Amino acid sequence: MRRSTATLIPDRAATGEALRTTRQRTERLALPLAPEDQVVQSMPDVSPTKWHRAHTTWFFETFVLGPHQPGYAPVHPGYDYLFNSYYEQVGPRYPRPDRGLVSRPTCAEVADYRAAVDRSLDDLLADADEATWQAIEPLVELGVHHEQQHQELLLMDIKHVFSCNPLLPAYDPSRRPLARNATASDRAASWVDIEADGIVEVGHDGPGFAFDNEEPRHQALVRPFRLADRLVTAGDWLAFMDAGGYRRPELWLSEGWATVQQQGWEAPLYWQRDDGRWAIFTLAGRRPLEPDDPVCHVSFYEADAYARWAGARLPTEEEWEVAAVRHAAGDDPNDLGTHLLHPRPAPAAPPGLRQLGGDAWEWTASPYRPYPQFRPPPGAIGEYNGKFMCNQMVLRGGACVTPPGHARPTYRNFFPPAARWAFSGLRLAADD
Amino acid sequence: MRRSTATLIPDRAATGEALRTTRQRTERLALPLAPEDQVVQSMPDVSPTKWHRAHTTWFFETFVLGPHQPGYAPVHPGYDYLFNSYYEQVGPRYPRPDRGLVSRPTCAEVADYRAAVDRSLDDLLADADEATWQAIEPLVELGVHHEQQHQELLLMDIKHVFSCNPLLPAYDPSRRPLARNATASDRAASWVDIEADGIVEVGHDGPGFAFDNEEPRHQALVRPFRLADRLVTAGDWLAFMDAGGYRRPELWLSEGWATVQQQGWEAPLYWQRDDGRWAIFTLAGRRPLEPDDPVCHVSFYEADAYARWAGARLPTEEEWEVAAVRHAAGDDPNDLGTHLLHPRPAPAAPPGLRQLGGDAWEWTASPYRPYPQFRPPPGAIGEYNGKFMCNQMVLRGGACVTPPGHARPTYRNFFPPAARWAFSGLRLAADD
Amino acid sequence: MRRSTATLIPDRAATGEALRTTRQRTERLALPLAPEDQVVQSMPDVSPTKWHRAHTTWFFETFVLGPHQPGYAPVHPGYDYLFNSYYEQVGPRYPRPDRGLVSRPTCAEVADYRAAVDRSLDDLLADADEATWQAIEPLVELGVHHEQQHQELLLMDIKHVFSCNPLLPAYDPSRRPLARNATASDRAASWVDIEADGIVEVGHDGPGFAFDNEEPRHQALVRPFRLADRLVTAGDWLAFMDAGGYRRPELWLSEGWATVQQQGWEAPLYWQRDDGRWAIFTLAGRRPLEPDDPVCHVSFYEADAYARWAGARLPTEEEWEVAAVRHAAGDDPNDLGTHLLHPRPAPAAPPGLRQLGGDAWEWTASPYRPYPQFRPPPGAIGEYNGKFMCNQMVLRGGACVTPPGHARPTYRNFFPPAARWAFSGLRLAADD
Amino acid sequence: MRRSTATLIPDRAATGEALRTTRQRTERLALPLAPEDQVVQSMPDVSPTKWHRAHTTWFFETFVLGPHQPGYAPVHPGYDYLFNSYYEQVGPRYPRPDRGLVSRPTCAEVADYRAAVDRSLDDLLADADEATWQAIEPLVELGVHHEQQHQELLLMDIKHVFSCNPLLPAYDPSRRPLARNATASDRAASWVDIEADGIVEVGHDGPGFAFDNEEPRHQALVRPFRLADRLVTAGDWLAFMDAGGYRRPELWLSEGWATVQQQGWEAPLYWQRDDGRWAIFTLAGRRPLEPDDPVCHVSFYEADAYARWAGARLPTEEEWEVAAVRHAAGDDPNDLGTHLLHPRPAPAAPPGLRQLGGDAWEWTASPYRPYPQFRPPPGAIGEYNGKFMCNQMVLRGGACVTPPGHARPTYRNFFPPAARWAFSGLRLAADD
């Protein structure tokens, strides 16, 4: 969620265009999937594809059309209960762990639902007077960014669903790994010195959209430190495993070690032994493990244990943000995220911090808590981010499945420390 | 499973015809369902529709085509693992509680699977020499009756799936309740005296098909007793509820009472309060409760408590069988089962035991155990029935969802005492 | 619980003597235990020693003193809630799985409770007029037999408690194994032919005490069969284990096999590997496994799998009863049970059925269900046995921890099929 | 854990005296308890009293006597396995949730164990040469502070144990509430302005003992803010409850609200309705709720929800530390903690921050994470604090059950956000 004193989105046409593009992209992402695929919930964290398609639509109905389109009648009286995700102030809702039990509305009915809401949004945008426009513009913008988040979730979730099927279906078998030129991943990572000077400013302060949890911009204390120029790779991780990483309790947080034991972890999620060699399950199907690829689908517990084993540590979220703004390797740090189905090896050049977005989210050492003087907006929309600020860790950057243009250096992603189904990797830090 | 010294199925044509009819009927039953509906597993006991369609096909591949069709190659190498239900001796299998996570093969691919196996079965039946025919005939016959059992499960299961959806979809909204003529259900049940004379013979001894658990035919001791001429009705059940039936521990078995408390039972499964009145969820959708309908979807614990409250008891399975053979009201006792979607009120005439099949299975007082000198057949097929003979209770009769011609007076259905998703009701018995 | 048309207990003196003897024996059994030992509940099935001591006392307070001693005031107002085991009609009660959380009353306070109730019982027995005596005599007798059952439970339970302690404490380290003369256990078991002749009479019909579940005496159909002359031994069981008994699903009931997998069973309860050899944990501490000892602490699932592996079966409870009455080897079949801490090898002579009591309870093939025309007594006392008649299997005989004189040939013990903490073994049967 | 470059404990005599005093105090705390009381584990977080007594002894055996007393033989070979709490590098250990199953060693045997280890420690301290003394002094000091922590746990745990007993036993019924003079708790709290000036120093830097997690001392950024001059009271909490605090999801973190629902929370732990009025269960037994007492036994979730409802927030741990050092009301901030059994109302004077220790721990807004450049000591002792730095929240101050002299302003206590069995309360903060 966001606030926006100075917005860059200048007019209705641009807003409408962003809305239409995003709505269409969701449908395009669902296109390779059969109706059967779109029903399954493989664990409580996962939602079915058609639920994502419907919930993002419900979001516009509930927060834009309902309050602001005079006389608006919901498309279906039962959808409010079915497609409310977690907004207590909106009303009761269908239990999250049971989303996979609901076969109706069918995929075709969900498509109809989306089309009907799109038409109403078109009408509203076209006809709104200036006061209405001022009221709905931030909500439409929020809805667009909300739907982008669900685009990433849709891909995370279907990957998990397919991984539970012994037939190992591929979301998009036509996607092949990129050609592999010389990379910075086949050599040891280099340290980049980050010359933080004590009190720094972090957090969002416009222009452009940001979620409420990125605000307010505020001061933080950051001391000089070093940050690796690339993500930890699968090859690095193999060395950790060969050194007994998953069998040495002294490397782990207590809850992390308990999780390793209970879950029988001995490698990242989606790593599978295939006839004596490691393979990984990707959205393009199963393929041999590439040592230069960033490691991905590791939990915070694993990232933390790896860093300890490596004699290093994870950066704090403030450290990461300062470094990303100042030392991005060539990338425009405001344009993190290129949509692919698998993270890429680090490019060989130019120097600086590579892979700051578009490959794998980076676990930080920071628990997810409100920034000083954080105030969520009033009403149900205030539940968007604030109520999750406990027992989760912050990730920064962006991943190969993050929609282009969605992330930015102040972006705060978050997951519980045991979660592995996000495209989550790590980058090492060290004290100077 | 069966044995068959003297079989009535005389020739390949008849066997082939039974096979084709049954296979087609399964597909017809799935016809009202969207692909989305066919994926869902709403509890571990339930299987997805497309799993039923595939598993019954796997049964023919595994027990008929594989061993008896020279050079037979399975349609897909992964299906043996996916669609083995519980045959330990066939090999490892996909975990039962996770059947709802498997979106592929899709419904269309399952249809192709079925068609391919049907073609191979046609070829095998057409070309088999006499020795092969003797070997496969009992297996094909078993496969037909096995598939009929899954037809009933398919309907039980989809009813449960739909009941979890707050939109309450109907499997077949066109099916309306039957016209209600004068019935025997709107009056108190009458007792029919059963003049058992000590040692009786029960169990199957041909001709015709029977499962192995119905054999061998053997002697049992049955004393004169009385049996109600009709099933307990929804109206009867309302009286039990009004008398505090679900709140009086002295009426219940200890495990039954614990289940009432833990599950919060206060009415049969699928009874729902609708604006102060009782409605029931059926395969034709939700409709007002009809007091003359047989009560259905009650557990053994509930049936047992009801009987105790009524000052009566449940019959043993031997009592039921003797009574059904001797006192059926007009019905041919060998033709239990008429396919409908909901049990019907008892007909007004003729006198005798009404509703012995085709409405609701009847819980008996008998634990499901092997008959004296029971011997399951050797090999994996011996796992069909025998290994479940513990912690389950026998039901007799047949239900509105049982395929026509499937059940018979010696038929032993069985479920754990807490199960409610079968079409299970009860009929009272009393000592003379 | 019992009914008693013709009782053998002739006078108050004898009843009073049985009462005092039994009450004192309970305290003697608790004597080797420290207060700390008497608090622990090692699993929900187990009760702490001091709970047994208090509950048996509550039984007399609730069913004898309260209703029949004018002006009787309970010893403590909180004990009714704490020490009611499962009598719903008496009132609410402390949750069974939490019995191990209750440190007060202490053992000394429980001893005071027992002494106070004993004094009141003495007074009541001394002063009762004839009408009162007629009313209380069957209840006192029931209380005595009830307390004897808890004496056996006390020993079963403390064995389980001690087995959870890595220090392996012994209940009575001074008890050594018996000297081992020539036995019938070091040879293969012999079959004894049981000439049952069709309709037989089973069940209790006086004189003497019996629980209500042994009644009414009734006819049953038993065909000629064979029964092993001794219990299955530990040595026999080792052969089963060596033959892969715990790894061959085809030998097991489906629920049994699931239990083997979930619990990781690979030997009877209390068998422990000790430096490459098998040892067993007993009430006298850990000691090497003796092959001639009866196998003990096996579940019904294991007994059933063993019998299948041995090409035999378990007897029904009716078969066992007929055989015990007619073919007991020298023993008075009415005097089953000699109190020891571990089952003994079968004696070498005389011929006939050895070990019918006093060593290990014998699993039968019979589910625990009411006898025909069974009627529990009215009121809370009717909950004693009847409400457990589902999902349990009958055991016959008696065990080394059964109080002398407690069991008899009509006695029906019962446990769920997965239970192993009773002293439960087996004897094979076969069709003639 | 820490060791101490500049220590204040000057000589062996003082160290020995601190050791003896602490060891004796543990035994004195156990004195009111019967052996039965000392066995019970009422939930996995709780440990039995005799386990605390033995584990603190094992700590000295393992970290002081074993490595530093030549030829030291452990008192019992089985105690290392039984009484290791969580030190993975020491070796395998008995499962924590099963501590309540272990009746042996008895309380008397534990007393012997303690005496034997005390004698060995006396000998070691008397005889150690200077090098040995330098090595053991920090370990003995750590062992003393470790044992003090377990003294508080012992009281927290036995309170929970007794609360599960419907007889509601009192740990010390002779302790009566203090006389209640005029207090600062019967008026609204006042704000104290804390003039933090940006970069401050927090954390321990000697002299005196501190745990490793209080180090290193480092800079933090703290802005001016306000802190309440007293703890939130039971009376304040009643107002929160009357305002529907436990029924309004908008006040709660998402996980907090889920916990409220699952656990059925509607008041702090140990609040009980007694005939229409609130009572609380204390270590002195049940007594009427006193509105001026600090509220206690609330979780972080509840503290956070209360603060939100009150329009305030919780302080960060750095804020709390700065305020405690500068604005303590009369108390020596280095002498937090006076041993009582229940928190007291705030004193009426002098002005400033009252109740900074000795009443109830104060939840802060800070997740428990390592300080910058935190390095745990090498070896098993490094597991003392560091491995718990995830999914827990920091509490500051001290409680009525904290041993005198144990806490200090830099002290970091920590519990998971749902924990309630600690003596945990809260104090409000607000932005300036």
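Labels A, B, C and D are assigned to the chains in the order they are written; within every chain, residues are numbered from 1.
Just so it is clear, contacts are C-beta pairs under 8 Å (C-beta built on N, C-alpha and C of every residue); 3 or more make two chains touch, one makes a residue touch a chain.
Owing to the predicted nature of the structure, the values given are computational and were not obtained by experimental measurement.
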| item | value |
| --- | --- |
| Joint neighbours of chain C and chain B, given as chain labels | none |
| Centre-to-centre distance between chain B and chain A (centres being mean Cα positions), rounded to whole Å | 48 |
| Inter-chain centre distance, chain B versus chain D - centres from mean C-alpha coordinates, in Å | 60 |
| Euclidean distance of C-alpha centroids - chain A vs chain D, Å | 38 |
| Residue list for chain A, restricted to those that touch at least two other chains | none |
| All pairs of touching chains, each written as two labels joined by a dash | A-B, A-D, B-C, C-D |
| Touch list for chain D against partner chain C, complex | 34-40, 42, 50, 78, 81-82, 94, 98, 100-107, 161-162, 164-167, 169 |
| For the chain D and chain A complex, residues of the former touching the latter | 86, 88-89, 198-199, 219-221, 223, 249-250, 252-257, 300-301, 304, 365-367, 369, 372-373, 382-383, 387-391, 417, 431 |
